[in-house]
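As written, the chains take the letters A, B, C and D, and residue 1 is the first residue of each chain.
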Amino acid sequence: MEIRYLTEGPVSAKIISDFVEKSARKTDLGGHSIFLGQVRADETDGKKVRAIEYSAYAEMVDIEAEKIKKFILSEFSDVNAVDIVHSTGIVRAGEISLLVFVSAGHRHQAMQACTRAVELIKENLPVWKKEIFEDDSHHWK
Amino acid sequence: MEIRYLTEGPVSAKIISDFVEKSARKTDLGGHSIFLGQVRADETDGKKVRAIEYSAYAEMVDIEAEKIKKFILSEFSDVNAVDIVHSTGIVRAGEISLLVFVSAGHRHQAMQACTRAVELIKENLPVWKKEIFEDDSHHWK
Amino acid sequence: MEVKVLFFGVLAEVSGTYFKHYREVKLLSDLKHRISDDFPEIVHYSFRISVNNEITDNDILLKSGDEIALMPPFSGG
Amino acid sequence: MEVKVLFFGVLAEVSGTYFKHYREVKLLSDLKHRISDDFPEIVHYSFRISVNNEITDNDILLKSGDEIALMPPFSGG
């Protein structure tokens, strides 16, 4: 498993289950809180989103994701691991574009830290989405 | 997939990925918040937990889990699905004993509702844990 | 008439059984006395009682087929 | 001396390019003027600027090899 923070296309079920299996070997962990962001088939002016095309400033994503990870680990003393995977390129409606995986000794910090990490990702990761509609027109978000 | 709320032994990677794949087909969902509870190898008086044996009042678990599900769905209008799986029997340290899977249109309600569901499960599910130590002695929690 | 009493968690260990039937018992309070006569140690443990899956603190008139559960504090998760 | 300017998100579409090199530019403020001369439409969009992966609001003395990015509001997740 050599994904750092960006993956081309959707975050696959394989990526997700690899993280689950990896974490499930550590016997000092009591809880994992996982967030999966999924592409919605939103409607604007009667047109339905069929996919999102994500573009990213890859180098800066690595730097910012690393900062988020370090911040969470220092802020939440019970948290042992923070993993982040974001899609680039095309992700269709119903597919996963973001995985945040936080492991801690106890449930409270796992869940709080995961919520916080998701907020920080939204604010600080240099990633942009372009909604692509069923008629192939598009809209920048 | 015919698990309702209780599963014999650990919540397997297969169960988890089945839930992920099932949810990932709905194009009106924007986020999934997942909590996994894992058995910790805690130490008491120098003895290490090697497993937990869960026992449950199965009939009442179904009733209470159903109530939790309905409560979450009514309390969080953006939430579309709440799934709960709890182990019975032996779950070894490092294995998963609880899965809570909440899907919503948007991330905030998904994460809030998941946290709330986990609290309600802890308070209201008639499940008991017996810690089994490496020397086969045990302790009721 | 007959009711079924279930022992959960540490109470199953203390009583040495998972369940026991009791006959000719009117009130929940009477049943509680008979249970503690049979299993005197259980008074040292804290537990709640459910009748047909509903937790209750009240004294209740029992009927045939009722299922009564003795439940220590929950510790799932 | 030469610096590289990256255009992200909608700005790549508006400018018609992902990047462009600029030579002999001293200050970030000078560079901004030259970019808006080349791509006048981008002034209609809101964006932040990073120099070597650090977002900055200040005017900065540029040096050869600097990477400047024009970044619309982030919309990942």
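The rule we apply is simple: a residue touches a chain if its C-beta (ideal position, glycine included) is under 8 Å from a C-beta of that chain, and two chains touch if they have at least 3 such contacts.
For clarity, every value in this text was computed on a predicted model and none was experimentally measured.
Student: When you check each chain against chain B and chain C, which touch both of them?
Tutor: none
Student: Could you tell me the distance, in whole angstrom, between the mean C-alpha positions of chain A and chain D?
Tutor: About 27 Å separates the centre of chain A from that of chain D.
Student: Would you mind pulling out the distance in Å between where the CA atoms of chain B average out and where those of chain D do?
Tutor: About 48 Å separates the centre of chain B from that of chain D.
Student: Taking each chain's centre as its mean C-alpha position, how far apart are chain C and chain D in Å?
Tutor: Each chain reduced to its C-alpha mean, chain C and chain D end up 74 Å apart.
Student: By the touch rule stated above, which residues of chain C touch at least two different other chains?
Tutor: 77
Student: Among the residues of chain A, which ones contact at least 2 other chains?
Tutor: 37, 107, 118
Student: Going by the touch definition at the top, which pairs of chains touch each other?
Tutor: Taking the chains two at a time, the touching pairs are A-B, A-D, B-C.
Student: Touching residues of chain C toward chain B in the complex: what are they?
Tutor: 6, 8-10, 12-13, 50, 53, 69, 71-72, 74-77
Student: Provide the residue numbers of chain A that touch chain D in the complex, in ascending order.
Tutor: Interface residues on chain A, with respect to chain D: 37, 54-57, 59-60, 63, 86, 97-98, 118, 121-130, 140-141.
Student: How about chain A: which of its residues touch chain B in the complex?
Tutor: Going through chain A, the ones touching chain B are 13, 16-17, 20-21, 23-41, 93-96, 105, 107, 110-111, 114-115, 118.
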